[in-house]
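Look at the two complexes coming up: chain A is in both, with chain B in one and chain C in the other.
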Partner chain A sequence: MGQFRLIAGTVFIVAGLFIFGVAVMGLFRLRYVLNRVHVAAKCDSLAIMLVCIGLMFYAGDPGSILKLLLITAFVWLANPVASHLICKIEVETNDHLEDECEVEELP
Partner chain B sequence: MPILLFALWLLFHERLTIDVIITGVIAVALVTLFLRAFAGWSVQRDMQFASRALAFLLFVIRLIWEVLKANINVIGIVLSDEPERKINPVIVRHKTGLRTSIGRVALANSITLTPGTVTVDVGDDCVYVHALDVRSCEGLDNNPLEKQLENMERGL
Partner chain C sequence: MSLLSEDGKKTVLSFGDWVNANSPEIPPEIDYAKGGDPKGPGAHGHDDHGHEDHGHEDHGHDDHGHEEAHGHDGHGHDDAHGHDAHGEHGHEHAHFEPHEIVMPKREKKPKVKREKVQLTGVEHSYRVFAVISGILLALVLLVTVATLPRFGSADAPAVNEVSRRYLEQGLTDTGAVNAVAGIILDYRAFDTLGESVVLFTATVTVIFLLQQSKRKNGEEKTEDEVDVNTGVRSLPAKVIIGITFPFILLYGIYVVLNGHLSPGGGFSGGTILGGGLILCHMVNGERFTERFITVKRCTQIMAAGLFVYIGLKTYSILTGANGAASAIPLGTPGSIFSAGLILPLNICVGLVVACTMYALYNLFTSWRS
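Moving on to the complex of A and B:
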C-alpha cells in the first residue's frame, strides 16, 4: 500500500471518528429529544461518509469501493427517515410541546 | 432499471462466471416483472429518470456541501458551553410546490440533512419543520435544493 493512500485513509477515518464523538457528546449535552435528533441526524451521515471514504483509500479495488458507496447511500436514505419518525412520534404524543419550543402550526 | 439490478448482482458476486450470469438474468427478470406489475415500472419512466441523471448528480453534490455546513453548525452548538441557551427551537409549516411524492420525500430528507432543520411531518402540499433556531427557517424559503428538485420534476 502506498504511503499516500495510508495517510489519506487515516485522515478521513480519524475525521469521521471525531464527528461520531461530537455526536455522542451532543446527545448527552442537549436535553430535549427534538434538539437531540438534530445531532443524530446530521453528524452520523457525514461521519459514515468520511469513514467510508477512508476505507475506500485502504481497500483500493473497485468492488469494495462500490460496496462502500452503497453503504453510504443507504445510510443517507435511512438516517433522515428514522429521525423523521422519532420527531413525528414525539410531536404527536407530547401534550406539552409548547413548553419546549414555539409552535407555529401543528400537523 | 434491469441493467442497474444486474450490475448490483455482479457487484455482490465479484466474479464473472457463467452460473452467476445465468442465475442473475433469471433473478433480474423476476424482479423486473414484479416491479412492472406492482410498482408501475416501464421503459419510458426509466428513460425519464435517466434523462435527469446529470441533474441528480448536481443535486447530490449540493447535498454533500449542505451536510458539511450543517455539521459545522451542529458541532459549534454542541461544543459551546451551555448549548441549551444558544438555541430557540420552533416548529414551522413550509409550503412546497413539489407535486410528486418522490419529490416531496427527497425534499423532506434533504431538509433533515441541511443546517438547523429536521422534518417532522409531510403533508399534501407542505412539510412541517422543526428548527433549532428561528433564523434557520429563513433559509427554507429560498432553498437551492428545492429549486433543483422542482427543475428535475418538470415534465416528469
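Moving on to the complex of A and C:
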C-alpha cells in the first residue's frame, strides 16, 4: 500500500470518527427530540461518507470501492427519510409543540 | 355536539376549550402523564396562552379574530376525528394521523395509579414460590457455568471427531464452500426442517388467533384500518421506498442464492426479503402490497416450500444421505450450481422465513381489538 493512500485513508477515517463522536455528544447533551434527530441524521450521513471514503483508499480495488459507494448511497437515501419520519411523528403527536420550538402554522 | 360558546357571540370553540367546558371535575391529586403543568388540573388554557404569545400586539379585537379563525380550524378537524379523540384514549397510535401539523387538542391522559391489591393466601404463596424458583434456577445456571470446560480446551465435549470431520471433509461431502451452509442444510438438514416448521406453526397459530377475532368484529372500517390500507402520509418515504425496494429484494435473493458460497443463506436472506416486504407494507399500505402478496399467499408459499424441502430431503435420505448414490451431482465447488441439494433447500428456507416475517407483521398491524 502506497504511503499516500495510507495517510489519506487514515485522515478520512479519523475525521469520520471525530464526527461520530460529536454526534454522540450531541445526542446526550441536547434535550429535545427534534434537536437530537437533527444531530443524529446529519452527523451519521457525513461520518459514514467520510469513513467509507477512507476505506476506499485502504481497499484500492474497484469492486470494493463500488460496494462502499453503494453503502454510502444507501445510507444517504435511507437515513434522511428515517429521520424525517421520526420528526413527523413527533410533530404530529406532540400537542404542545409550541412550548418546545417556534411553530409555523401550515395554511 | 354543539361547539358554539354560550355567550351568543357565535364563536366556535376549539375542541380543547369544549372539553374544558364540558369535562367533569378532575380530582386535583391526579398526576398528568406529561407532568410539570404549572396550572394544575384541567389547564387547557395552555393553548390560549400559546396563541397570545405568538405576538399579536393589541389584545382586543384582533386577538379575538385570530382565535375565531383558529377555532374554525379546530372545529373542522374535531368533527372528523372527534370519535378518535374520544373513543380511543388508551389506544397507542403506531402510525401517522391522517392530517397535517395542526392536531385536535386532546385531553391529557391522566396517569392511572395502580392500586394496591389485597393478596389472598394462595397468591402470597405464588409469589414466594416464584422467588424461590427464580433463585433455584439462577443457582443451577451458575453451577452449570462453573462446571463447564474452559473455552477452547482440547477435552471439551464439543471438540470431537464430528467437528473435525465437518471442517476436514465438509467440502468433499457437501460441496459447499460455506461450511455453515453445509452443516445446517446437509449434515443437520432435519434440524433445519424442524426450525422451518416452527416458523410455519407460529404463523398458522397467529392466523387462527387474530383472524377469528377480526371476523367477530364485523367489517366496518375504522380510521386506523384506512390508515393501514394507504400507508404513511409522507412523500419522501414513498419515493425512497420506491427506489430502494427492488434493490432490497435483489440483495435478499442474492444472499439466499449465494448461501452455499458465502456467509448468508436461507435464514439471513429470507430475513432481508421479509424486512423489505414489511417496509413496503409500512410505507405504501395494504392496498399496495396486496396486489402481489397477501397472508393467504404467504401460507401457500410456506407450505409449498416445506413440502419441497421434505421431498428433497426424503430423496436424499432414501439414497443414503451421503450423496454417493444420489443422482444430483455436487458440481465444482465455488460455482453457483454446486453443493447438490443445498441451493434448493436454501431457497425453501428463505421463502419460509420471508413469508413468516411478512405474514406476522401484516396480521398484527391489520388486527383491531
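Basically, the second predicted complex is superposed on the first by the 105 of 107 C-alpha atoms of A that agree within 3 Å, B and C clash if a C-alpha of one lies under 4 Å from a C-alpha of the other, contacts with A are read in each partner's own complex, and residues count from 1 in each chain.
Methods note: a residue touches a chain if its C-beta (ideal position, glycine included) is under 8 Å from a C-beta of that chain, and two chains touch if they have at least 3 such contacts.
All of these numbers come straight from a predicted model, not from anything done at the bench.
Q: Classify the contacts of A:Lys88 with the two partner chains as first (chain B alone), second (chain C alone), both, or neither.
A: both
Q: Applying the touch criterion given at the start, work out whether A:Val37 contacts chain B, chain C, both or neither, answering first, second, both or neither.
A: In the superposed model, A:Val37 contacts chain B only, not chain C.
Q: Which of the two partners, first being chain B and second being chain C, lies in contact with A:Leu55: first, second, both, or neither?
A: neither
Q: Contacts for A:Ser45 in the overlay, against chain B (first) and chain C (second): which applies, first, second, both or neither?
A: first
Q: Please work out whether A:Ile13 is in contact with chain B alone, chain C alone, both, or neither, and reply first, second, both or neither.
A: neither
Q: According to the contact criterion defined above, which of chain B and chain C contacts more residues of chain A?
A: Of chain B and chain C, the partner in contact with more residues of chain A is B.
Q: Looking at the overlay, what does A:Phe74 touch: chain B (first), chain C (second), both, or neither?
A: A:Phe74: touches chain C, not chain B.
Q: State whether A:Leu66 touches chain B only (first), chain C only (second), both chains, or neither.
A: After superposition on chain A, A:Leu66 lies in contact with chain B alone.
Q: After superposition on the shared chain, which partner residues are touched by A:Gly26: those of chain B (first), chain C (second), both, or neither?
A: first
Q: Residues on chain A in contact with chain B in one complex and with chain C in the other?
A: 77, 80-81, 84, 88, 91, 103, 105-106
Q: Would you mind writing out the residues of chain A in touch with chain C in their complex?
A: Within the complex, chain A touches chain C at residues 74, 77-78, 80-81, 84-85, 88-89, 91-93, 95-96, 98-99, 103, 105-106.
Q: Using the touch definition from the top, list the residues of chain C that touch chain A in their complex.
A: 34, 46, 50, 53-54, 93, 96-97, 100-103, 105-106, 108, 232, 234, 236-237, 240, 243-244, 247
Q: Could you pull out which chain A residues touch chain B in their complex?
A: 19, 22, 25-26, 29-32, 34-35, 37-39, 41-43, 45-46, 49, 63, 66-67, 70, 76-77, 79-81, 83-84, 87-88, 91, 97, 100-107
Q: Over in the complex, which chain B residues touch chain A? Could you list them?
A: Chain B residues touching chain A: 11, 14, 64, 67-68, 70-71, 74-75, 77-79, 83-84, 87-93, 108-110, 112-113, 115-116, 118-121, 123, 128, 130, 132, 134.
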